[in-house]
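There are two complexes below, and they share chain A, which is joined by chain B in the first and by chain C in the second.
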Partner chain A sequence: MRQENYLYFALAGNNDADKDMAMFPASTFRGAVSMSSTTVEFFFAPQDGTGTTANGVLMTHADIASNTTDGSSPYGNDVHYTVMEKFAQLKSGNRANTTNFTVIKDLNDNLPTNEGPISSTGLTEVTALAITIH
Partner chain B sequence: MALRNESPSHGGETLVTLIKDANEKFCGPASNFLGLKCDGAGSMLLNFEDVDGTAAATIVAITVTDTGGHGTEMKRACQAIAGAMAGYGTQGKFVKIADTLAGTFIHPDILSVDAVS
Partner chain C sequence: MENYLYFRKNRPISASHTQDGTQQAMTAAFLVADIGAVAGNDNINEIAAISITSADGGGTGHASVLFTPTTITPTLAYSGSALAIATGTVHWVEPSTQAYANGILTIDAHGVAGGYTLDDDDIITAYWKTGLETAFMYPVSALKGIVATSDTVTVVHFASIVGSATDDTVTFTHAALGFEKVCKMINDACNGYPKDGRMISVYDGHDGIVTSLNNNPAAITLMEYAPQGGAAGMAT
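Here is the complex of A and B:
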């Protein structure tokens, strides 16, 4: 049986206020939608158990039109796609003998070094988060 | 010698338990876990599908260490909870995440179970 992977998100707020941090089972992921040229929102089944209005994590990144260095996309650097692809890799990343705790993005600074997921800040492309939990 | 706080259950699924006191306890399959969130300094809410089948959640409030800043203790608690949900690699485990009554916790940064609602 494949074990569940748990996805961790944290704002740069020292985890001391409501929704500064959230962790979702990967199996509750519903999908991601580009919300603007600089944001993608990742939706999860609601933690309140109603199954209705999804929880969301809005991730901010560089403008898709601000960088055309890869030359492979009509949408500039296509960072929407990059963030989605890297998220997918992390979401599905757990294997036997690896951790099932996966940091998608932690914006807190001064994390301990060399402690695996505890030290991870996640996706480098993401510069800000907004967590919506109803 | 300290007793282990988990033992094999009779099914293939990990069951997790959180205990506040003699009157407030939760036990449920890890697959019913809906996620958790920070609820304030040193406070986390764990959400599980409601055990009575209604479209709501059973919410367990726990307190974690909040002294070092940077959210590190809460992150450590989350990693420990993720490991517990997986039954530490063994299917069918019965894992007690936190037991305030007995004073046993899976991680030193988990300090207490404050409410089961």
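Here is the complex of A and C:
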């Protein structure tokens, strides 16, 4: 039997509305692309059976302050890189004898406490999610 | 476990252009050496800030243009104060309301909120930020192949991120006969850390400095990215 991670995403609001949460097998991940200085979208194989569309999770993260006096670059900021890198680490983190339930980001404010993976809030850099399902 | 291949386009911290006329569109595009490719460099959401340095006080700023701040992004707060344009003064315009196509900025005239009427010899400076499709990563399992299309161009194919029948492509321009070195670089990125599954930075052109895996053995100078269904075609 193949061990595989399952990646969990949830918006704020207690999972009481359509697409408040989603879970995808790690093997359905297709890639990620920056959409703006504060957003990165992660793409997964769709659930409509066609394979010709994509499920998407748009993650919002902090921007970076830059100024003209110290030469720091808004293009060189690495917040999106950090989000992508941590996602890769979590996605690859499955090991024998673990649940393989992996919270990428859970924005719910009503999480169970001290119940292992389902109590995790996931990536600290991510402040908002938008889930698209096909 | 598999690795994840990360790429970031060539972009500078900033690039400047000195006007040679009075039209609102820049009289020439930013230099390719500064901003990577000019053709298709059209996303205004990559521009963090735009400053205009008045050569001789001849331009005209709308009252909503910001006057000589030090902070450029993301906390720009545009002033409602009317401007007194003086020689050598710096003014900032809101990027999102301007137009940008093929490396050329077109600034609204001062009659439009956020606009600034340019004058001869004014210096336009743009500052870049992460924008639409400027950075991306693919799992190694999405790699479909690498093809040389000339002695200086190699194209890396990935399965379409949105499920198109046509591949997403990453095109490298490099020194002559660099194909083998690009292939080895990609191979190394795919097979490094075989027990972990890490994100590997294959190519990073941020801040005008090209960095590629293994110290850029193919002497890559440019990377272009063509995802199928890009921009408005993404999942959201």
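Details
The definition used in the following text is that the second predicted complex is superposed on the first by the 118 of 134 C-alpha atoms of A that agree within 3 Å, B and C clash if a C-alpha of one lies under 4 Å from a C-alpha of the other, contacts with A are read in each partner's own complex, and residues count from 1 in each chain.
Criterion: a contact is a pair of C-beta atoms (placed from the backbone, for glycine too) under 8 Å apart; a residue touches a chain by one contact, two chains touch by 3 or more.
Values in this document were obtained by computation on a predicted structure and should not be read as measured data.
In the superposition on chain A, A:M35 contacts chain C only, with no contact to chain B. Of the two partner chains placed by the overlay, chain B and chain C both lie in contact with A:N55.
In the superposed model, A:A45 lies in contact with both chain B and chain C. In the superposition on chain A, A:V126 contacts neither chain B nor chain C.
By the touch criterion stated above, A:V83 is placed in contact with neither chain B nor chain C.
When the shared chain is aligned, no partner comes close enough to touch A:I104: not chain B, not chain C.
Of the two partner chains, chain B is the only one that A:A17 touches; chain C does not reach it.
On chain A, the surface patch touched by chain B in one complex and by chain C in the other comprises residues 45-46, 50-52, 55. Of all residues in chain C, only 1-4, 6, 8, 11-13, 45-46, 48-49, 51, 70-75, 127-139, 141-142, 158-165, 168, 196-199, 201, 206-207, 227, 230, 234-236 touch chain A in the complex they form.
Chain A meets chain C in the complex at residues 27, 29-38, 40-41, 43, 45-46, 50-56, 58, 63-69, 71, 73-77, 80-81, 84-85, 88-89, 91-92, 130, 132, 134. Residues 12, 30-31, 33-42, 47-50, 54-58, 66, 69-72, 74-76, 78-79, 81-83, 85-86, 89, 91 of chain B touch chain A in their complex.
Only residues 1, 3-4, 6, 8, 10, 13-25, 28, 44-52, 55, 99-101, 106, 108-112, 117-118, 131, 133 of chain A touch chain B when the two sit together in their complex.
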